[in-house]
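Structures follow.
You will see two complexes here that share chain A, one where it goes with chain B and one where it goes with chain C.
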Partner chain A sequence: MDLTYEWDWEYAWEILPDLLDGLWITIQATFFGIILAMILGLAFAILRRSEVRAISWPTAWVIEFIRSTPLLVQLFMLFYVLPHYGIRIDAFTTGVLALGIHYATYTSEVYRSGIEGVPRGQWEASTALNLSTMTTWSRVILPQAIPVVIPSLGNYLVAMFKEVPLLAFITVFDVLGEGKAACTRNFQCVEPYTLVGVLFLIVSIPSSILVRQLEVRLARQP
Partner chain B sequence: MLEWNLWRALLDGTWITVQVTVLAALLGTILSILSGLAGLSSVRAVRWANQVYVDFFRGTSAIVQLFWIFFALPFFGISLSPLLAGVVTLGLNMGSYGSEVVRGAIRAVPRGQTEAAIALNVTSFDRMRYIIFPQAAVTMLPPYGNLLIELLKASALVSLITLSDLTFQVQILRVNGSASTTQLFTIALVLYFLLAMGITGLVRAAEGYLGRGLEIGRGARRS
Partner chain C sequence: MPDNPEPNHDEPSNSRSAILERSAEPDAPARTASRLAVAAGDELEGSGVRFSGVTKRFGDLTVLDQLDMEVAPGEKMVIIGPSGSGKTTILRVLMTLERPEAGTVEVGGEQLYHEERNGQLVKASEKHVRQVRRKISMVFQHFNLFPHMTALDNVSFGPRKVLGLSKDEANERAARLLEVVGLGDKFGEHPARLSGGQKQRVAIARALAMEPEVMLFDEVTSALDPELVGEVLNVLRDLAENTTMTMLLVTHEMGFAREIGDRVVMFDGGRVVEQGPPTQIFGDPQEQRTRDFLRAVLDRE
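Presenting the complex of A and B:
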């Protein structure tokens, strides 16, 4: 063991701008990914509650299947399989798609708990008032179900952020992709990978604290 | 369908995936318990050190940790084999999440149990070992099962440090062009799904086993 590794400040300083560029890509992927996950997750949650078993049952299985298999394999699958069917999208979009679909299975659970938290009387009142299914969902149920689940969605935002580096393995130059590149270019890997880790800590610890505060604040409301 | 030798390669990969998952789960479970108990310690320095561990591993990404341990650690003269690097990283990672599960479950055991144990003059070690922990274990199991499935999924990362797990084998076969890409990835996902269902089944069985004789087990209503 030799714990006297000489940290190369000059090298660290030199690769930092590339890593920050990568971090920006990582943040963008997280942003688009969570938006997709929030939309798709809501669709999953609503389909799963369908009274038609031919809809609710397959939805439940698809959610279970996607959620219990590795994101990395799903990512590779989309990246290598889609072009076979003539669908050509760039690596970044493929990555966002994989992140969005994978995390939609988690967000759908979050929505489900929110929807189940809406008192039964609200459904009954909507029926009594002869509101259409569409109006019941969009004007009565969802406006009550969604605000309470926002902090839980925030937790998945942070979780997703930490999985974006997988995109580096389908040629996206996110923060880890830049780190890998610096490592192979210079044969010095300690600085890039340490900086990547530090950048993650710098972003994700404050965001977790923020989400926790949001949770506390929303819990205090009646 | 695929030829036998292709199945052979996929099953060999699955076996590596199982090994990595089981070994990392062992390490992760031990760390979860130690870290969960450390989080409840009355010594401030222990709680603080534990929080640093938990925040560090939860705050950074598993893949970044794996790359650091596999590619950066050798510069400090510590070279781990791909298997060891994978098991250590995934285990440390799982421990940081399991810590909260253990801590939460122990805190959920009614205070009266601790008070009764003190009144009966049970030592603090025996109190945890025979009274508090067995009751907390039942509450821990469902979230623990989720952690095991997350671990199984994360085990695919070891393919990126050249360990020939299921994901790695699929990539090799894909590059060789031995089978259609769609087929390969579908089979891999199904195999992972079957493993996950196996984990779910085992955790259910454990819930039934640990819950026997306890009021808070499955089927019994919590008062």
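Presenting the complex of A and C:
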């Protein structure tokens, strides 16, 4: 059996533009997805700490629900169910929404640990100074809670990046989707999948290193 | 025990700012020797405080048991007593860090946890609590400075955000207060780079910047290395002797308590065991528990 494989440079070169288009979709989906996850996750974390039960309980419940169902299910729910209620958004936006909402449950957990890491005395000093709830959160608690959780948020960025291919299920073709398309179109699959793997590496390795460096930098701060 | 002093409430509270402005001028009246007192606003009356039937429980543990206690405007009241007797809890209830299960607390004649509605005393709104709380400031055993802010920002933050001062005004006030507590060269330092004594002086400046009528000090020298206690006590002594602020101090520094206290209250099991002028409590305590406690403290020293 001949195990050598003739790598077809011409073919690889031909499909690269499509793959790069796909990669660009992946990057965009990750970018908007993580921003949504960071904002929504923070909102979840804060609402969940509310002293008003009518706020904290439903929040906890929603988080639990989202966390215990697969991202794919949420993707389908948003994509096929929302239009039934007259909400029409394009597939890419739907994908970003699903990613952001799903990952918000993880980031909210990250924020929660950061917030709980702020000593109780900081809340008490804020009360003693008569600071408003808003000022206490925005100027005292979060500036101390967020820097320590940035590396963990970064890890979720990398994790999300690797999950974007799921969006193919709702017709958003990212880099893997494009690779798969090339493969079925031409019955030649080694080049596209190899290239997809390399492209993922090219993006996620530097991101991981960046996150790691951030971690070290933050750890060094007083 | 002072007889039911009427809290003085006629002073317009904005006159304090005028004092702060004036103290910056070189020809400020030399009436007082204390720059700290001037910077803190020495001409204003402190508010009286009254606890009536205050009960505070943690689970099954009753920490304050129907406490009745009154502090006269401007009085320097020292609270002593064994660990776990509820001293911190009294201050925390007054600072609204703990909500009592029963009883009322009055500050400057105003209810702290209640407000009058249709002639009835009902649970106060958050807004009301906030408004009465403006009169009170607290200095903590463990400083609780904001670690992400410089010393100057720690002090100017409250005046800016709560009292509505401009950034310049607030910084000026903070600078003046840090100067008089001896930290004129530490404006830009973060708390992590300050010694315990310096941190506590920043914390005192931060509390003073809010122009409180009542100041609470909870064992503010207990977390300090022995050689740093003096610098903080000096600031407290200055405040006690030269301002009319009402002060409640929990301390184990008996010499200091004797020196600056108008009244010493001996606390045990959430109740007042004995109280009176320092000379009496330290010189001729009437209660066995007071004698035991003082002996134990003095033995340790």
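Going forward, the second predicted complex is superposed on the first by the 220 of 222 C-alpha atoms of A that agree within 3 Å, B and C clash if a C-alpha of one lies under 4 Å from a C-alpha of the other, contacts with A are read in each partner's own complex, and residues count from 1 in each chain.
The criterion applied here is as follows: a residue touches a chain if its C-beta (ideal position, glycine included) is under 8 Å from a C-beta of that chain, and two chains touch if they have at least 3 such contacts.
Keep in mind that what you see is a predicted model, and the values were worked out from it rather than measured.
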item	value
Which of chain B and chain C A:162 touches, first, second, both or neither	first
First (chain B), second (chain C), both or neither touched by A:127	second
Contacts of A:171 with chain B and chain C, given as first, second, both or neither	neither
Chain B or chain C, by number of chain A residues touched	B
Partner chain(s) touched by A:50 [first = chain B, second = chain C, both, neither]	neither
Partner chain(s) touched by A:140 [first = chain B, second = chain C, both, neither]	second
Chain A residues touching chain B - in the complex, by the definition given at the top	1-3, 5, 65, 68-74, 76-77, 80-81, 84, 162-166, 169, 176, 179-180, 183, 188-190, 193-194, 196-197, 200-201, 204-205, 208
Complex interface listing, chain B residues touching chain A	55-56, 58-65, 67-68, 71-72, 75-78, 149, 152-157, 159-160, 167, 170-171, 174, 181-182, 185-186, 188-189, 192-193, 196-197
Sites on chain A touched by chain C in the complex	119, 121-122, 124-125, 127-132, 135, 139-140, 143-144, 222
Chain C - residues contacting chain A, complex	95-97, 130, 133-134, 136-138, 140, 142-148, 157-158, 161-162, 190, 192-193, 206-207, 210
